[in-house]
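You will see chain A twice below: alongside chain B first, and alongside chain C after that.
This part shows the complex of A and B:
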C-alpha cells in the first residue's frame, strides 16, 4: 500500500466514523440490553430482577402445565410462530404474483413515462401505515365499500365476513408490502434484454417456456431481494394482524407485545425477540447464498 | 413562597391566583375534559400539559424509568399499591384537604389507599356486557352473553382484549375469584373461554363507535363507553353480569419526583369540588365518587342505567387486585392459549 492509499483509507474510515458510531450505539446498545434481559428473571410487576435465569428460554418452547405441572412442548407458542411464518410466506407469494406483472408493465414502458409509474408506486408511503390499515378496514368491513358494491351489483345477498379473518390480514399485508416486491423486480427486469425473449420465440419457445427458462433465471436476484424485503417485515408485523385480524389470533409481534405489557414477563419477551431475530438472520443467510448462486450462474 | 401560595389557594379556592406555573398530568387517553383543564388553568393561572397513556403497565414503566417530567398520574385501583410500594407517589394527604369532605364515604377507606393518604377519586366504572336489543332482547345481565352466547349472538360478539378483565369475568362466571390460586377454577375459566371463542367475531377496542353504528351488536365493554354508544344509538343496552363483574377506580396521585408539587395538590383539591367532578364525568361518562356532583351533571347522566346499577346487581361488582407474579403467569398462559 502506498502512502497515498493509506491516507485515503484513513480518510474513508474517518468519514464513515459518525455513521458507524450511530449504528453501533443505536443498534448494538439496545440489542445488548435485549440479550441481557433474556437471561434474567421477570420483575414482580414489570421490568426484570437481576438474577440469572434460563427460564425465559425454556418457556419459549416448553411449558409446564399450569394445572398438573408436567412439562410439554408449548403448542400455543408453536402455533403462533407457525401462523406468522405461514402468513409471511403467503404474503411473499402473493406480492410476487401481483408484483411481477406490475414490474414488467413499468419496465416495458417508454423510458420517459417509467419515472411516473415508479413515482405512483411510492405514493402509499406518503401516508402512515396505521391510517392505511384503517382505510383497508373501511373497504373490507361488512357495511364497507367492497361488500356494499357487491350487494348493489346483486352478486351477494348478505355481506361476506372478510374483516377479522386471516384473509383480511393477508390482503392487508400484501397491499402494504407490494411495493417492496415490485421495486426490486422492476430493477431486475429493467436490465433484462428483451432481445433474449425474442431470440427464444424465434427458437419456437412457448410463452411459458420463455418466462420460465429465460426471464425468471435472469430476474432471479430481484425475486430473491423482493422476497426477503417482504418476508422479513411480515414476520414481525404487528399493526395489520391487530387491526384487520380483529386481534383474535396473535402473530409473533403481538405475542412479544403481550409479554412486555399485560403479561409482565420481559425476559420471555426478550427471548422471543431474539428468536425472531434468529429467524430473520436465517432468511437473510438463505438470501445471501441464493444471491451468490444467482451471481455465479449469471 | 410555596406554602403561602397553598394556604391562600385552599382558603379562597376560586379567587387564589398565586400558584402561577405549570402542571404536567399523565392520564389515560381521551379521558380528561378540556373544560375542566381550562377552568383549572384560569382559576390558578397554571399552564396544564396532558400526556396520555394506554395501560397501567405503560404508565408504571415510564414513571419508574424517571426523567418523565410528570407531576400527576392516574393509576387504576389495582396499580395504586404498586406505585406506593415502589415509592413513586408523594403522600400528599388529600384526607386533610379542604374539599375532602365531598368524597363519598364509600370511597374513603378503600383497600388500595386506606384513608386516602395518597390519592383522590377520579372516575370509577365496571366491565360488563353491551348488547343491541335489535339483535337480542333476552337477559343481558350475565356473562353467558360472551361465554355461552344465545344463538342470536353467536359469531357476532366482540370481546375487548383486556386480559385482566376478560379472565376475571370468566373466573367469576365459573364461581372463582380474581387472582385465585384454585387451579380447578382457573382451568374451568380457561375451558369456558376457549370453548366460547369460536363464537366471537373479534377481540378489539373501538367499541363505542362500532356499537353506536350498529356494526357490532354485542361486546364485552365498559359502562361509560356503552353509555356513550347508547347516546348515539338508543338500541344499545348495558348488562351487569350477576355472576360477578370487575369494578375499577382510577385515582389521581402526585408523583414523588413531581416538579410542581403545590399545583398538583391544588389539582387534587380542585377535582374534589362537586362542580368540577361533574365536569370529569360529563366528558368520559363514568361516575366520579364525589358527593353532590350529580347536581351539576348533564341531565342524561342522572339516572343513566350504565352508571347506576340496579340494586340487586350492584353487589356483584368486585374490585380485583393486581395478581402476584405466579398467578399472572397463569393468566398470560390462558390468554396465549386463547389467542394462539
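This part shows the complex of A and C:
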C-alpha cells in the first residue's frame, strides 16, 4: 500500500466516523440494553431487578400454574407467534398479487406520465399511519362504509363482522405495505426489456407462460426486495393489529408492548424482542438463499 | 406465380400510429407477396415502415386495415404464439436467466414437444450454428457474434414456416457482419425456410437477397431482384438509395432533353411531352472520360477520391451540376482539367420523382 492509498484509507475512515459513531450508539446501544434486560428479573412494578435469571426465556414458551406450580406449554404465546408469521406471509403474498399489476401498469406508461403515477403511490405516506388505520376501521366496522354498501345492495341482510378479526388486520397491513412492494417491483419491471416478453410470446408461450417463464425470473430481484420490505415490518407490526385486531388478535409487536406496559414484565418483553429479531434474521436468510438458488437453477 | 408459391401474402395493409402532430401513417396500403423458400429483404431508411411490416407478420401489431395470409391461411387475428413464424430481434432479446441450450429449447418446450425430441433438436441446431461448446453458457458470457448465433438458433429451432429478421446484423462490426451475412445465406440454404430480412443497409440487401422490396414513407417503392432494382430503379428515391448515381435535370424539347449546361441528351424511352421537366440518371461506372470535345457532356474535374479497387472522379458541368465517374485504371486526370464525358445510350434512364 502506498502512502497515498494509506492517506485515502485514513481519510475514508475519518469521514465515515460520525455516521459509524451514530450507528453504534443508536443501534448497538439499545440492542445491548435489550440483551442485558432479557437475562434479569422483572421489577415489582416495572423495570428490572439486577439479578441474573433465565425466567424470561422460560416464560416465552411455558407457563406455571398459579396454584399448583405445574408447567404447561404457553398455547396463547404460540398462537400469537403463529398468527404473526401467518399474517405476515399472507400480507406479503397479497401485496405481491396487487403490487405486480400496479407496478406493471406504471412501468408501461409513457415516461411523461410515469412520474405522476409514482407520485400517487406515495400520497398515502403524507398522512400519519394511525389516522389511515382509523380510516380503514371506519370502512370495515359493522356500521361502516363496506357493510353499509353491501346491505344497501341487498347482498347481505346483517353486517359481517370484519373489524377485530385477522381478516381486518390482513386488509389493513396489505393496504399499509402495498407501496413497499409496488415500488421495488416497479424499479425491476422498468428495467425489464419488453422485447424479452415479445420474444417469448413469439416462441409460442401463452401470456401466462410469458409472465411465469420470462418476466418473473428476470424481475426476481424486485420481488425479493419487495417481499423483504413487506415481510419484516409486518412481522413486527404494532399499530395496525392494535387498532384493527382489537385486544384479542395480538401480534408479536402488541405482545411485546404488553410486557413493557400493563404486563410489567420487562425481561419477558426483552426476550420476545430478541426472538422477533431472530425470526426476522432466519426468515431473511432462508428467503435470500432460496431466491439465489432458484436464480442459479434458472 | 401460383397461389401455392406464396409464403406470406400482405393485402392492402394499413397502420397508423398516434403522435403529438396527428396520426403518422407507418404503412400506407402495402400489398406484397413473399414466395416460399426465398430470401426476401425489406430495405429502406429508418421510419419507412419496414419494421412495422415485419411486426405485422410476427403478430406484435395488428393492421388498421388489410389482411395477412400465411401459406394461404388468414392469420391477421392470430396472436404471435399461434403463428408458425419466429423472429430474430435486433437486440437479440435472449433470455438472460437461461443457458444457451435452454434458450434454444424455449420454443419447443412451449409447443409441448417431448423432452427427448427437444434435446435432439437443440443439439442439431447447436451444430447448425456451430455453437456446440457453448450450450451451457449464459447469454452474458457470449460475444456479440455468438449471441447473434444463439438468437438465430432459438428462432430456427421450432422450424418456423417463415423466419423474420429485424436488422439482426446492425450491432456487429464490419468483418463479423460480412461473416454473418454468408452464414445467414448458408442457414437459409440448408433449412429451406423463407427468410424475411429487414435492413437499412443497401449493400447488405443487394448481396444477400433473392428479392428486395424498397420502402419509403410507409409505401413499397419497388419490388424485384437486386440486379433489376439496381439497373432499373423506378424512381429517383430508389435510384438514389441503391448505390451511387448521378442526376441530370433538364427540359424536353424536340425529342431531346436539354440540360442547363447547354448539352442535349437523347430522351430514353420514347419522346417526352414538349417542355416537360425530366430527371435523367446515369451510374458512375457507365461514364467514360475522354478528351475535351469528345463526348456527350463537358465537365471540369474537381477532385479524385481513391478507395482501393477504383477511384471516384468528382466533376462539375458548366452550370455547376455535380457529376461522378468511376475510374478503374489508367491515368487519373488532374483537378481543374477539362474532360469530355461519354456513355452508352442504354445507360441513361429517365426517372419520375
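Rule of thumb we're sticking to: the second predicted complex is superposed on the first by the 286 of 298 C-alpha atoms of A that agree within 3 Å, B and C clash if a C-alpha of one lies under 4 Å from a C-alpha of the other, contacts with A are read in each partner's own complex, and residues count from 1 in each chain.
Just so we're on the same page, a contact is a pair of C-beta atoms (placed from the backbone, for glycine too) under 8 Å apart; a residue touches a chain by one contact, two chains touch by 3 or more.
Computed from a predicted structure; not experimentally measured.
**Student:** What is the contact status of A:123 with respect to chain B (first) and chain C (second): first, second, both, or neither?
**Tutor:** So A:123 meets neither chain B nor chain C here.
**Student:** Who wins on chain A residues touched, chain B or chain C?
**Tutor:** B
**Student:** By the touch definition at the top of the document, which applies to A:246: first (chain B), second (chain C), both, or neither?
**Tutor:** first
**Student:** Mind working out whether A:214 is in touch with chain B, chain C, both or neither, as first, second, both or neither?
**Tutor:** A:214: touches chain C, not chain B.
**Student:** For A:80, using the defined touch cut-off, is the partner it touches chain B, chain C, both, or neither? Pick first, second, both or neither.
**Tutor:** first
**Student:** Quick check for you: in the superposed arrangement, does A:111 touch first (chain B), second (chain C), both or neither?
**Tutor:** neither
**Student:** For A:14, decide between first (touching chain B), second (touching chain C), both and neither.
**Tutor:** It touches nothing on chain B or chain C.
**Student:** According to the stated criteria, A:261 is in contact with first (chain B), second (chain C), both, or neither; which is it?
**Tutor:** After superposition on chain A, A:261 lies in contact with chain B alone.
**Student:** Check whether A:199 is in contact with chain B, with chain C, with both or with neither, and answer first, second, both or neither.
**Tutor:** It touches chain C, and chain B stays clear.
**Student:** For a test of understanding, state which residues of chain B touch chain A in their complex under the given definition.
**Tutor:** 55, 57-58, 60-61, 64, 82, 86, 161, 163-164, 183, 186-187, 197, 200-204, 213, 215, 322, 324-325, 328-337, 339-340
**Student:** Sort out for me which residues of chain A touch chain B in the complex.
**Tutor:** Chain A residues touching chain B: 42, 44-47, 63, 66-67, 75-77, 79-80, 141-143, 161, 163-164, 243, 246-250, 254-255, 258-265.
**Student:** For the complex, give me every residue of chain C touching chain A.
**Tutor:** Per the touch definition, chain C meets chain A at residues 58-60, 79-81, 85-87, 89, 91, 93-99, 102, 106-107, 110-111, 154-155, 158.
**Student:** Could you list, by residue number, the parts of chain A that touch chain C in their complex?
**Tutor:** Checking each residue of chain A against chain C gives 193, 195-196, 198-206, 209, 213-214, 217-218, 220, 295, 298.
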